[in-house]
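Two complexes come next, and they have one chain in common, subunit A, joined by subunit B in the first and subunit C in the second.
And then the complex of A and B:
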């Protein structure tokens, strides 16, 4: 019985002793400088930073530490330095306000840069006016969560990305708010990672940008008013669920831009008020299911270089053009979508229209050839052309149809 | 002048066509607002109606009215009244009547459905297009002595502006698509009041983003305050010039 108590107490009390020392930084504390505290700390110690303004140039973290801010201490890069450089595993950074990092195009200084590390957690920080917000390079199993990342970039070349990930693996990016950067979240050679419930607003280029990144998933994010919502390029097996693409409106704006990608799944997303909801180019074997497209200029633009995509059970409501394409070959399938412009009938009441729907209008084809023809949008002549084309298709490809359109909202 | 205008107004208001026009417009408006589920869509449909029906009625009615009142005009000419006074009174009589019909028909549904703010452009457009096509009708009826030919011409003019002009624009766009034709296209669009009004309303709806480079040029032009003022000025010119030419002819013509 006594031995059991000893074993139990060892089991329960051991973590208390293993857990590192608590080090405090701030005016009136043992350490005034964060860097000195870090140098003095043992691995797995915890450093508490009190409220205040800290201008220490570049701060290097080279051992596993937990750094916690109290009352949003401001760590300032004075527009010259990278603020935090992390080159160690198991680092946790929480509750800091990291601001004014330097600007340089050669070594890309960031608010918090993580180099060749694992299990790093960057949580609930406020990254303000940095060149790059959070920068992860050759890292694994890292978490970037609940940060507020904001910058005031005006031109693409003057500003870095909010969360920039390069050659990394198994990352989790969630609950962040990113505004005013070049790309909200940027992935290049990042695999097996997930991006959840982030909110990317008014970024200059893309809300979320994938390059050469495979087997990733992003869900329930909201992309609003970015140059383009999300761009997925040269990637495989990227899944996109339940995201909202909202008001990406402008000359070259897209809700979702797909270029040279394949085998992904796009489901349950909502595309509202974008110039182009989904733009597909060189996109193969994608499943586009159960999405909602409303009030877009074009719901989908599918270039002739796309093959074997399945567009099923989507809702198309109040779009100016439902679908447009630049060729005549038809290599993608449309099935069981709901189209608000469908004017067919359903005699046997099985919920499926008896006549096929043609999502491509004559005017859509004309505009694809000469964009300036939009000048005639809503003119009487265009109305006549579209109606006559509906009855006798001549210019639009014959097989570009949804053979079984749904009668009701899916 | 007042006396003549009064006579003309009384005559036109008793005209069954004007009453029918009012009822038709009102019916169309009410049904559009009841049937369309979204307010903006209803306004767009209204715009279509406005750009198609109002020009037709305005130009046809004014042409036919002038022909039918040729005896009345001759009678007035025998009196010691200035010629220009007669012609101007006729013009204002028609403008007042058709505008009254338009406003009476269109304002109640707009007010009831609460779109009056957004609909100001549409309302202004309707007023301008009415005046412009009455003015063109005057020019046609003074130039053609023959009634059948005059009505034929006014129908043709309507068809041209409502349909053929757009075809022409499309043709130009396709033929010269490889050249920088955006700025010339702004000028070309000024050659048709219907197109001008439609494009102005398109810019309000922010469709410019869908036009690529052309859209940017157009937004730059039509979206700016100066552009809007110039456009309105051109529309006023469209209303004034045909009428002034017809007035000049009327003053000198041996009837």
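And then the complex of A and C:
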């Protein structure tokens, strides 16, 4: 019994003694400079930064520390320096306003750069007008959460990504707001990571961009008005749930661009008002289920290089074209989707249309071959051709059908 | 306006309308790569292929251009490679010097860039850090 009390008291009291020192930085405090405070600190100390403007060039963090801002202290890179460089495990950065990092040099300066570190948490910061916002490289088990990341990139100039992750794994990126960068979130060689409830708006290129990244998941994010939507490329097993792809308009813009990817799951997403909702090229064994496509130019463009994709129980509403393709081979299955253009009937009342639906119109095929033919869209002749094609398919691939379309909104 | 004037204008117009053979401007963050469909966001690795008919295909990475050439039997194309040093300037492929280094981090990880052959000294890496190529080495 006595030994138990000893053990318990050690367990309860120990944190009181191991807790690191509290160091304060600011006018009237022991330290005026953040870098000097960091140099003087012992590992696992906490540094509190008071409100104020700090111009210290590049600040290096090389030991485990917690850095907390009070009243949004502004840490300024004067457009010349990378603001924070972290090369240590267990660093926490919270409540800072990190602004004006260096620009467009070969070493990709960022607001907060994390190199070869683990268990770093970057939380509730305001990253303002940096070349790269948060940059993680060769890092593991890091969390980037609740940051507001904003830059003022223009189309004709080069700018870095909001959250840039390279050769890392087990990251969590959540609740961030990212605006005006090149890509909102960029993943390259990043595995086993998740991206939740972020909001990427008006980024110059993509809201979210995957390259060579496997076994990742992104859920409940909103991507709005980005230059070209979201791109998932050269990756395997990337799952996408309940995201909103909204208003990605333009010649080369897509809600979601899938290129050379396989074995993923796209479910519960909403694609609204995009030039192309989903563009697929070299995409294999993807399950596209229970998504909603509305008011898109093309809901889906499935190139002939795609195989064994299942498109099931999706809702297609008010799209100019439901599906388009550039080939004649059909290697993907459509089943139980709801198509608002379906004009079939359901005599046995089982909720499934008795005649197959052809999502590919003749004019859709024509436009794919001769884009300029779009001029004739909604003309009487085109209508006539489309109707006759429905009865005697000649140009459209014979098997490009949903054999069991749903009669009701799924 | 007399007939002669008319003719001159017509001839000038027709001369302007065709025969445009140089590289086209690549609109940053707007034009997409023909091969990989990605939006071009860095001119230092961009390139373009111009067919005999004058059609321009743009690429975001020299690896994409090479991929396109591999999958294409037409050989009379003109190839223009973006200069790594003077962004926005295009060099005819034959007179470009290519260098490969992992440090480049090009968009598609081709990690090849080009400079004009009189500009080799401007490559911002040490000669031991990169491998040099000529155009004919890359396309063979």
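Criterion: the second predicted complex is superposed on the first by the 397 of 410 C-alpha atoms of A that agree within 3 Å, B and C clash if a C-alpha of one lies under 4 Å from a C-alpha of the other, contacts with A are read in each partner's own complex, and residues count from 1 in each chain.
Assume contacts are C-beta pairs under 8 Å (C-beta built on N, C-alpha and C of every residue); 3 or more make two chains touch, one makes a residue touch a chain.
Not measured: the values here are computed from a predicted model.
Enquirer: For A:27, using the defined touch cut-off, is the partner it touches subunit B, subunit C, both, or neither? Pick first, second, both or neither.
Expert: The answer is neither, since A:27 touches no partner chain.
Enquirer: On the A-aligned overlay, A:297 touches which partner chain: subunit B = first, subunit C = second, or both, or neither?
Expert: Touch partner of A:297: subunit B, not subunit C.
Enquirer: First (subunit B), second (subunit C), both or neither: which does A:3 touch?
Expert: After superposition on chain A, A:3 lies in contact with neither partner.
Enquirer: Check whether A:155 is in contact with subunit B, with subunit C, with both or with neither, and answer first, second, both or neither.
Expert: It touches subunit C, and subunit B stays clear.
Enquirer: Is A:343 in contact with subunit B, with subunit C, with both, or with neither (first, second, both, neither)?
Expert: Neither subunit B nor subunit C is touched by A:343.
Enquirer: Go through the superposed model and pick first if A:227 touches only subunit B, second if only subunit C, both, or neither.
Expert: Touch partner of A:227: subunit C, not subunit B.
Enquirer: Do subunit B and subunit C land on any of the same subunit A residues, and which?
Expert: 250-251
Enquirer: Under the stated contact criterion, what part of subunit B meets subunit A in this complex?
Expert: 38, 41, 44, 47-48, 51-52, 162-163, 166-167, 169-170, 173-174, 177, 181-182, 185, 189, 195, 198-199, 202, 206-207, 209-216, 218
Enquirer: In the complex formed with subunit B, which residues of subunit A make contact?
Expert: It is residues 249-251, 253, 275, 297-298, 318, 320, 366-367, 369-384 of subunit A that touch subunit B.
Enquirer: Can you tell me which positions in subunit C touch subunit A when the two form their complex?
Expert: Residues of subunit C touching subunit A: 27-32, 36-39, 41-43, 109, 124.
Enquirer: Quick one: which bits of subunit A touch subunit C in the complex? Just the residue numbers, please.
Expert: 106, 155-158, 182, 204-206, 211-212, 227-228, 231, 233, 250-252, 257, 259, 279, 281
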